[in-house]
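The following pair of complexes shares a single chain, chain A, combined with chain B in the former and chain C in the latter.
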Partner chain A sequence: MAMSFERKRQLGYRMMMAPALILMGAFIVFPAFYAFSLSLTNDALLGFAAKESSFVGLRNFSRLFSDPLFWNSLKVTLIFVIGSAVIGQFVLGFAAAVCLQREIKYKSIFNAIICLPNAVPEMVVGFLWISMYASGDYGTLNRIVAWFGVDPQQWLYTFPLFSIIIVNTWRGIAFSMILLTSGLASIPKDIYEAARVDGATDKQIFMRITLPMMMPTIFLYMFVSTVTTFAIFGLVYTLSRGGPANSTEILGIYIYNQSFTSFQLGYGAAVAVVSLVVSMLIGFLYVRALKVEV
Partner chain B sequence: MSLETNVVTQRYSSAEQATNRKTYFTLILISLYCIVPFFWVLLAAFDPKASQFLRLPDEITFGHFWNLFANENGLRWIFNSVLIIGIATLLTLVFAGFGGYALSRTQAWWKRPLLYAIILVRIVPPPALIVPVYKVMLALNDMVNSAILNITDDIETQVMLSRMFSFVDGYLGLILIHTAMQLPLAIWIMKTFFDAIPKDYEEAAALDGASQMQTVRRVLIPLALPGFAAAGLFAFINAWGDFLMPLMFTSSPELQTLPLGMFRAFLRVDAIDYGFLTALAVIYTLPAVIAFSFARKFLTQTFSGGVKG
Partner chain C sequence: MFKYVYSLLAVVALNASVPANVLAQDLAKKSTLVIAEHRAARLEALYSLQDKLEQQLGVQLKIVEYPAPAQDYFTKLVTELRAGNAPDVFTIPRDLQLDDLAAAGYLVDLSGAMENWDGYQHLPELIKLLSKGSFDGHNYAVPSIVAVEQLYYRHDLLEQAGISTAQPTSWDDLLNRARQIKHVTGQFPLLFPAGLTWGMGSYTEGYRYLLAGFADYQLLDQQGRYRLGEKAPLEAFKFYQTLVDEQLMPIKPLLNPEPWVIPKYEMFPKGQLMITTCGTWCRVFDWGENSRNPIANIEQAVGTWKIPSADGSDPFVLASMVYAWAVNAKSRQADLAIKLALALGDNDVAITYAQKLGNVPARLDAELHPDYASLGILAQAHKLLPRARALRTTVGSNAVMAGVARATEAVIIGREDAAGAQQLLEDYVSSVLGDEAVSRNQ
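Let's turn to the complex of A and B:
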């Protein structure tokens, strides 16, 4: 029986999709659902439960919600995301984007320097900043603050969370700058000229024209940066591994420590489920709010 | 009258100058923040007396870089990284090329659900997957190893095959997991680029008697080349910099890639060879910086591709 041309073509499309779907299915989609069923067991990496894990219902979740370390991790994650993605990267990236819109010299040099941190692998980021934060009189940051009369600090011990926020802000300025520059470029120039003719001040122009016209881009930036910051692991792991005393234990690190340092896979999966649900919620909101066209 | 205009222009230009000064001041501050952390690694890599602290070298040496070739570890980490990430990037391009094309051209019922699913898959945080992925990899690993035991009795061949095809502590596992992680973004990029290529081109080529393969080779691939460049660059940058997957799935020293090897060498607090590690950090960072400088112009497209704001 001969297949029609159209059916053959449809079959071809499915065959082309297959390898990608199998890989994403096996290593992302299936594990994501598997996390839900694992979170209902007492599975462990060592000991009796490692051989034969059993169904424990929602026990992991009731333990989770009464675990101060989990709430601490959630709080640390929230501060980390707001401090670095929502405030740090956004403010500095926006400032850089606005400045680079102007007719100035050395534009491409500024641009290249600001983009540099974004290209650096996570492990090297940790490496660079461990040297920056090195304690004692010769640490780079200690020498810089000494000019302002500040005593040498043990940055990663005294201000751990603030320190990793500074690092992640540093890394992400480029992304927000590039995205916001494209948003600025799409605002028609004649609106600005009209406003100037009408005698608007710079501040008025920024508040009444630039900011409102940038809202879709800002919203897109907030979504992407929140989701990617939420998923950070290596950057914090190489810098502090969640310490000292859980003060930088963002959710990703908490999951890793519970699963592979405390060997409690079932409990780790329960934390993973919380983190999956939160990011999926943000994703749904985004798809609905921005009316993503596919 | 003429005096008045003069005053106005003067006031205007001095206001302009003030804004200019503020602009430069802001940019210089942000640039300093961005570049200062690099000073140490760039200087220490050429400093015979490299330490954890920033200092101007008394003399310049290339010794640390030569050392990489003498030091087996550094060379092996570079080799492993290039091999694993190189193959993963290639596989990503091939699978995303097919997948993106099919998604762009098909009108089947699964098109829209699949596109939404890919957006959601893209935002799954990898740390949330570590436990279940570890289980999946272990299961696959058992399958591969029992297959290897069936194929040959020779222990040496078994070890060799297991190193290549194992999912935990083997090349194949690392390559496939990196490919899977990069696929959602790559498919999305390819789909966007294929959407911009009119279907008429393919039909015209087909009418002129070109075979399917010829159409793909002569029409589709050349037109989608920027898409492949963007998808490949992002897959490479992300996989090259990834720390979590190597941390999860490598244990034997022979398999270590740059991020994990360097991290573990750095943990031996009493015996850190800063010259060696900073030279390695420079070499590890360079490909990512070069790739990023090419990928930059595609960065906005990857996110705003499907968005009508």
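Let's turn to the complex of A and C:
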């Protein structure tokens, strides 16, 4: 029986989606399930378990939940995500987006300056800021504070978490600004004009028009930045390797340390699974709280 | 169109005919062995030996440069071993990593080859033991150089301050000396590596020195279980606690990402730290005249003490088989790779490496080598080798080292006292290796 035109079209659409689905299956779905299966074993990179691993049920998870270093890592990750992605990048990115909406001189230069950090690879950013934060007289930041009579500081030791939040904020403003600029641009100009005709102040316009109409974009930004910040590794590893005293040991570092420093693949996979669940939970909360359909 | 297709086919055909000739040449060519090496000094040593080794074995050596930091090197190596694409020959940074690698099936059993190797009879008994897997008694590594570890102190500054430079006889004696140094000079007297960021060094360069201070203590019981609940591990943590409580050791630098940099490379050369644990490499690699942090007139400025025992019995030095050569179990040219590993165990190689790195040759007959005199002060350490002490570990040593790093960190940041740290160590090792791996008898 000949296929109807509609069925052919549907099949065509599906065929077009197939490469994306295959890639997602191979590189996202399969590894996620593999990580889960690994988390139920004692697989390791060293020792007898590396040769022949065995099923240990939920032992890795029970060890995980009783490990204070895991809870510390989760806490550090949440502070890092809230501090850099939710507050730092969002506030500064939004401010930059609003400012650059106006007609100002050398706008493209300001745009380029803000976008530049995002063009630098994560590890390079890490090394760059190591030089900024370097202790002793030769650190860039110490040279700056010396102008104000402040003694040289050990920034990554004295303010470790705050220091890495600053770096990630610096790096992420561009993404936030670009996304939020596109959101701002999508708001029809005639709404603003009508509001002004009705005598609305700038504050009222921002609170009653801009912000509500930006909500879908803000949601999208929050969702993406939270999940990507959860997965950060190279930046923090370069800067502090999780120290001092685990104060910057975000989940990515904790997973790496367990899998490739302690060589316990099964346990590392269990942490990765929990990390995935936490990320999904946060994503779900965004969807629910903001009542946005995705 | 067809013109292009024919041209393409002609090119392909031509290429297909060429390999027949090339193949014949290839067969006549030497085999290539891939060898992993890392750190500038070690690479320099290997490159200087490359021609000689190639001629001796009739092979081509492809030297692959690995990351310099020991932990990064080991992680990359282990990951490649697991993936099956590791080099034919590589080094095992520390003897206590041998068991874990061998148990994982990554290493070729060299027992037969070692028996027929003339260098084997010249190895000290301790080093022979350390080259064997604890779980099966088979040889898995060819020892080349050894680290002789003890305490290094600023002889010049202690003399200047009128403080005794005599060998401390016990832990109490060492601590009293440390208190005196702090009182008289105001500087930090002692460094025993600790904490998470120092990694395995918290065990190998710190805690191990203290555990070995009990002549009747071994880390393993007769069943090969770790004896972590006993008096010696507890007393070792108490020693750390004393250092912390009385501020005899710099703590802040130990929490940095590279915790050895400030105390060993800055404070010790500047005289802000007076005594540190270290191996023979420190004289050359850390503070030697060609190092980045040279101590002027180092032969006189820095002295060595043996490690005092806990109870005042004979002080001792520790020996570690470092960077022993091993062969990848998945090597396609295992026989050739074994020959290369054995050749790397020769005294020529060992002395070249020892000179560059500040370690000592593993073989006792190295003293008959014409270049032995070039080792200078290292030769004194080499003579200590037959009476050196070591703590045997077994499969799972990585977990013990990680546990010690956690437990010592808990002590230095004041989260746990000595008893709490011991409990933390036991619990950690049990949770990773299983309860059966830890002997909990008091």
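What we mean here is this: the second predicted complex is superposed on the first by the 244 of 294 C-alpha atoms of A that agree within 3 Å, B and C clash if a C-alpha of one lies under 4 Å from a C-alpha of the other, contacts with A are read in each partner's own complex, and residues count from 1 in each chain.
As a working rule, a contact is a pair of C-beta atoms (placed from the backbone, for glycine too) under 8 Å apart; a residue touches a chain by one contact, two chains touch by 3 or more.
Note that the coordinates shown come from a computational prediction; the quantities given were computed from them, not determined experimentally.
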{"item": "Chain A residues touched - chain C or chain B, whichever exceeds", "value": "B"}
{"item": "Touched partner set for A:Y157, first chain B, second chain C, both or neither", "value": "second"}
{"item": "First, second, both or neither for A:S262, with chain B first and chain C second", "value": "second"}
{"item": "First, second, both or neither for A:R63, with chain B first and chain C second", "value": "second"}
{"item": "First, second, both or neither for A:S54, with chain B first and chain C second", "value": "neither"}
{"item": "First (chain B), second (chain C), both or neither touched by A:Q204", "value": "neither"}
{"item": "Set of chain A residues, in rising order, touched by both chain B and chain C", "value": "260"}
{"item": "Partner chain A, residues of chain C touching it in the complex", "value": "71, 75, 78-79, 82, 97, 99-101, 103-106, 195-197, 199, 252, 255-257, 395-396, 398-399, 402, 406, 409, 413, 431-432"}
{"item": "Footprint of chain B on chain A - complex, ascending", "value": "10, 12-14, 16-17, 19-21, 23-24, 26-32, 34-35, 38, 92, 95-96, 99-100, 102, 104, 110, 112-124, 126-132, 134, 138-140, 143-144, 170, 173, 175, 178-179, 182, 202, 216-217, 219-220, 224, 227, 230-231, 233-234, 237-238, 251-253, 255-256, 259-260, 265, 268-269, 272-273, 275-276, 279-280, 282-284, 287, 290-294"}
{"item": "Chain A residues touching chain C - in the complex, by the definition given at the top", "value": "44-48, 50-51, 63, 67, 69, 154, 156-157, 239-246, 260-264, 267"}
{"item": "Residues on chain B engaged by chain A in the complex (per definition of touch)", "value": "19-20, 23-24, 26-27, 30-31, 33-41, 52-55, 94-96, 98-99, 101-103, 105-106, 108, 111-112, 114-117, 119-121, 123-136, 176-177, 179-181, 183-184, 187, 237, 240-244, 247, 258-260, 262-263, 266, 277, 281, 284-285, 288-289, 291-293, 296, 299-300, 303-304, 306-309"}
